[in-house]
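Quick heads-up: structures coming right below.
After this come two complexes, each holding chain A, first together with chain B and then together with chain C.
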Partner chain A sequence: MHEALKPYVGKLPRSILEEIEEKCPASKIKKVAEKALEEYNTAMIAPGEAVGLISAESIGEPGTQMTLDTFHFAGVAEMNVTMGLPRIIEILDGRKTLATPMMEIFLKSPYNKGKDIRKCALLVKETTLGEIVTEFVIDIVDLKIEAKLDAEKMALLGLTPARLAKAVSKAKTLSKEASVKENKEGNLVLKLKGKEEKGLNDLYKLKETARDVYVCGIKGVTQVLPVKRKDEFIIITAGSNLKKVLDLDFVDPNRTMSNDIYEITENFGIEAARQAIIEEVFKVIEAQGLNVDIRHIMLVADTMCVSGAIKGITRYGVVSEKASVLARASFETPIKHVINAALAGEVDKLNSVVENVMLNQAVPVGTGLPGLVTKVKKGKLK
Partner chain B sequence: MAEVYLNGKFVGNVENKDEFIERIKSDRRSGVMSANVNFYYDAKLDQICVESLRGRTRRPLIIVKDGIPLLTEKHIKQLQKKEISWKDLADQGILEYLDAAEEENALVAFSESELTPDHSHLEISPLCMLGLVTTLVPFGQYIQSARLSIGSKNQKHAIGFYAANFPVRIDMDVNLLHYPQAPIVNSIMNDLCDYDKHPSGQNLVIAVMCYKGYNMEDAIILNKGSIERGLGRNSYFRPAIADELRYSGGLTDEICIPDKEVKGYKSEKDYRLLEDDGIVFPEAVVKEEDVVIGKTSPPRFLSSLEDYSLASNIRRESSVALRHGEKGVIDFVLITENEEGNKLVQVRIRDQRIPEIGDKFVSRHGQKGVIGLIVPQSDMPFTASGVVPDLIFTPHGIPSRMTVSHLLEILGAKTGALAGRYIDATTFGSEPEERIRKELLSMGFREDGTETMYNGITGEQFQVKIFIGSMYYQKIKHMVANKLQARARGPIQLLTRQPTEGRAKEGGLRLGEMEKDTLVAHGASLLLKERFDSDKTIVPVCEGCGLIAIYDAQKDKRYCPMCGDSDVNDIEISYAFKLILDEFKSLGIYPKLQLKSKY
Partner chain C sequence: MAQKIDVTKHVLVPAHTVVSEKEKKKIIEKYNLKGIELPRIFKDDPAVAHLKAKPGDIIKITRKSSTAGESVFYRRVTSA
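The block that comes next holds the complex of A and B.
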């Protein structure tokens, strides 16, 4: 690093220092750094600034203009993605089950140029027996079902009848009911098990359960859609299962994304989740054509993630963590909070805004924050 | 085989449905069956539904046979001579009423020219699709439908000549326009409902232009000279009512000038306008809080007073006075009895309302506006011939709202005013624009209605031609004088000690949750505190038990009734918080305050 920049280490962020060094002629570095520090300091938030409230207003005000219930179709094909206000509510509430979970799977080198793209997509998709069977032939006499297989699809999925039979017989819903075998023509034969008399009805039931039996692919992925984005192919999915997808050898684990914040937390940790919240919320706000500074969203994401686990902005999440009884009671379900506080003998230190407004005291923000340094002699007020 | 339902209940099958339908139809038209019966054939379900119950909206249509309407010129002539009536037409089977369901089976022609042999009915007039008031909107076919509805709704709020017997009526909250005029541009409904006998607006000269920005955002500018000549002037009437109620024990209210002994006696000045019978005299000029009807009532709780014979005859003051901010002249005094035979006194207060900034005016096209500025006549723009507009309307109100009829009315009324005739602007049957323009041109004006105008302040000629003409404008009953509200100090609520809410209670304007947030966001902590000081109180708090202690003003001592001699200090909190502490206590929760010096 340049000699003139050394005193600024720790005072300016590294990225700024690097930029100065890179772009400035050596003779001017000192002057530029001096000016940069001055600018940097004036841009900093002053102590006592009500950042949270400003963030809330900055997100809330444009939020009122957001069109409710916009469904946005990602790309050309019909894939339904929750956008707009419902999506923001979903993220900020910290919901575990999303309305439309989704993944964007990036592929490794030869595959992202379009090699075997159909096969890759099929491998990701959850395949059930019904999808690779062309016809279920019911044999009433022997009480068995012959499932004729689609050879083309089998080949694409890399399945042989023998392996398929093994996979199908493992299924919990089926294993008690029927035995699965392959026959000479390369088709599956399902035969009813059990000693007691079985009828046609049971056979039909078996057919229906057999249809939904999981064969291969990734559970939870109900739809796949290979799309060309810029100059590479990616796979967009409906349904999300990051853990399984990342195990696949053709998937680029560094760029593959899910919109399920909880899955991201489980697989990559809380920092990744924080980033995901920021990106997801910002994506929606941008799509609506609104202009919200990303730092407001970052602050919200930070509050949601500080504890190490995701906490929604609800009475069960962030609000329940508040120290003040009065603040909690003034949000939702006041009776619950007051009674519990009474039982536990909680003490309210009156440290934040709401409580002080209730008591008509100066709120500890802005001009209400600084106190006297001089100690006033203790004595009775007269 | 079609199923037949009568009023929704299955009654049987018919072999030949066409014959059946034909039969009821002819029976109804010939009068064998009630004209109130309607039926409907559903081809999909093969059902005939016959309805005869009440509650179906029905409308009249002219019956058509083989492409020829049954209503002929002869009938119309007879109608005009009043030889036959509407009922006769219905009885003769020339008209019939269809309900919504039967309309599904009918093919109705909009006008006579489009009739074909397939048509079963003919619309009486396309105007039928509009309501009575909506028909009053001129040139209704040249307006966005939403604006048509708004225009119709606005007319219902217009101040006019509401009843001819108004001098002897006691109405709650009514207005009477002083110089009502019949509209120059009118519609067929004007004649049908004798609109000219109870008009509700005035024909104003209006210029479509800007004036120093005082008419932006739908504001309008009025000529002060016009106002002084009586434009938009009206009287506002409100009654004050008092009756002599009877109470148990033979006690009654008494309408009189209250005695000075009476509990709650106001002051001699407040009763100065009352005559011996305790009622104001007509034409008295009254201000806010002046008593209009003096009244006393017996004490509220009789039983508790019986023991103290001394106090038992003290009555309560219950006079009727003018509300806060009200003024006027006593117009009419009425003394009668109510249904129970008690004495009832009604006093009507009249107030002259001269248009002022904030009063609302509308044209008949859903173009509302409040007065933004009243300009002296000398400063108003004028035309080459010296015409000064009464009202200046903003041009920005036109493009987005698409009220073309508004412009056509200006053009039409200008022509009508100059030619000395009324212009028929009935929706779907108005005079053609072409003709109006030609007539205007023939009188030596520009056919598009624009004129060269001059700036009233500088006398300079405007670079553009200004669209100027006449138009029917209405004053709306929402006047600022009834809505204006401001407060610095005033009444508070008993429970919370916070300011009251609402204009009637002289209330404050709430600085709500979100407004509070803006102050916090600015870090204006001390301002916020001051703003919420309206219910602040100082209470003594015991340091020992943390509950509210007692201040003995006589001994100037603070003590805690529970702890005896513990430290007691005064704290400043909002009364609402003191209240919630009390509510906690009533719930069995012990809210202990721990005091700490702020500094």
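The block that comes next holds the complex of A and C.
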């Protein structure tokens, strides 16, 4: 960094310092920095300004123009993505179950250049028995089912009939009902268990449960889609399970992401979640062609992450954390709050805005914030 | 199949460091803190678990910011 800029470190943000250094001739740096600091200080928001209110209106107004629909990826396969207002509401409410959970899985080299991309994608996808079986042959005489396997798919998934039989027999839905073995032709044979008389109906039921038995892959991932982005391949999935995906050895654990904020908090911590909220919300706003300053979103994200865990902007989330009874009651379900406060003997210190508005007092924002500070002179009054 | 994951290297995770006692005093003075006003972070948060921070410590977080280039943020460690 240039010598003349050193005194400004800490006074000006880094991005401005870098810009000055890059664009200014060395002889003028000092003057420019001086002027920049002056400008910066006048542009800075004043103490006591109600920034939350500004943010609320700045996000809220363009929000009225957002579409209410969910869209498909145009052209690229059938995959649903929640966009627009519903997605924003989902993020800011801090919902635990998303309408369309998704992951973006980045791959390590050489897989990100397209090596075995299909195989990688298949390993991520949750596979059920029904998908690798070409035909279920029902044997009415012996009351058993022969499942003919798709050898090609098996090879792609790295499965052998013996291993498959083991995996299938472990399944909770099946283990009580039937025994699973492989036969000479390399197919699976499912046989009904139990001493009591079993009929054809049970056999058909068994066939249906067998279809949905989990075989391999990552639970919760219902669709996979290898996509080329810039000059590398990534896998986009429908369904999210970050923890399991990060364990796979061809996955790049440093860039793989989910759109589920709670999963991010669990795996990468609260700061990563804050960043994810900002990026997810901004992505939606940008996609809608709206223009909201990112600082407003940052403020909201910060508010949601203050407690160390995600708190949605709802009466169960950030509002429930407010110290003032009146402020909580002014949001939603007032009677509940008032009654509970009365039972607990809560005291309202009237330190914030809403409660003072209710009581018709000066509000501690803007010019209402500073108190009078004065030094009392000793001595007699004249 | 399992690989060891270093959470701190993820693109979403900014640098976390435990603040020294001396610096802690400076922060408390600068922001006129009376105790618990700082935003919180759990001591078993994946991003600070390896720092072995105790409740009451202050964590300095250096975020990469799209507006300011780099911004510093503080959180107080709490137990669960």
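Methods note: the second predicted complex is superposed on the first by the 328 of 382 C-alpha atoms of A that agree within 3 Å, B and C clash if a C-alpha of one lies under 4 Å from a C-alpha of the other, contacts with A are read in each partner's own complex, and residues count from 1 in each chain.
Here, a contact is a pair of C-beta atoms (placed from the backbone, for glycine too) under 8 Å apart; a residue touches a chain by one contact, two chains touch by 3 or more.
These figures come from a predicted structure and were not determined experimentally.
Visitor: Both complexes share chain A, so when I overlay them there, do chain B and chain C fit or clash?
Guide: fit
Visitor: Let me test your reading of the model: by the given contact rule, A:E266 touches which partner, first (chain B), second (chain C), both or neither?
Guide: Second partner only, chain C.
Visitor: Is A:Q361 touching the first partner chain B, the second partner chain C, both, or neither of them?
Guide: first
Visitor: Where does A:P110 make contact in the superposed view: on chain B (first), on chain C (second), on both, or on neither?
Guide: In the superposition, A:P110 touches no partner, neither chain B nor chain C.
Visitor: Once chain A of both complexes is superposed, is A:G158 in touch with chain B (first), chain C (second), both, or neither?
Guide: neither
Visitor: Using the superposed model, determine the angle chain B, chain A, chain C defined by their C-alpha centres, to the nearest 10 degrees.
Guide: 120
Visitor: Looking at A:L53, would you say it contacts chain B, chain C, both, or neither? Reply first, second, both or neither.
Guide: first
Visitor: Between chain B (first) and chain C (second), which, if any, makes contact with A:L369: first, second, both or neither?
Guide: The answer is first: A:L369 touches chain B but not chain C.
Visitor: After superposition on the shared chain, which partner residues are touched by A:G199: those of chain B (first), chain C (second), both, or neither?
Guide: Neither partner.
Visitor: After the superposition on A, what does A:P7 contact: first (chain B), second (chain C), both or neither?
Guide: A:P7 contacts neither chain B nor chain C.
Visitor: After the two structures are laid over each other on chain A, how near do the C-alpha atoms of chain B and chain C get, in Å?
Guide: Here the least C-alpha separation of chain B and chain C stands at 21 Å.
Visitor: Can you pull the chain A residues that chain B and chain C both touch?
Guide: In the superposed arrangement, which is not itself an observed complex, chain A uses no residue for both chain B and chain C.
Visitor: Hey, which residues of chain A end up touching chain B in the complex?
Guide: 48-50, 53-54, 56-57, 338-339, 342, 347, 353, 357-369, 371-372, 375-376, 378, 380-381
Visitor: For chain A, which residues count as touching chain C in their complex?
Guide: Residues of chain A touching chain C: 13-18, 246-249, 253-255, 257, 264, 266-272, 275-276, 294-295, 298, 302, 305-309.
Visitor: Considering only the defined contacts, which chain C positions touch chain A in the complex?
Guide: Of all residues in chain C, those touching chain A are 1-3, 5-7, 9-14, 16, 39-42, 45-48, 61, 63, 65-71, 75, 78.
Visitor: Which part of chain B faces chain A closely enough to touch in the complex?
Guide: 516-518, 520-529, 532-533, 535-536, 567, 569-570, 572-574, 576-577, 580, 584, 587, 589-590, 594, 597-599
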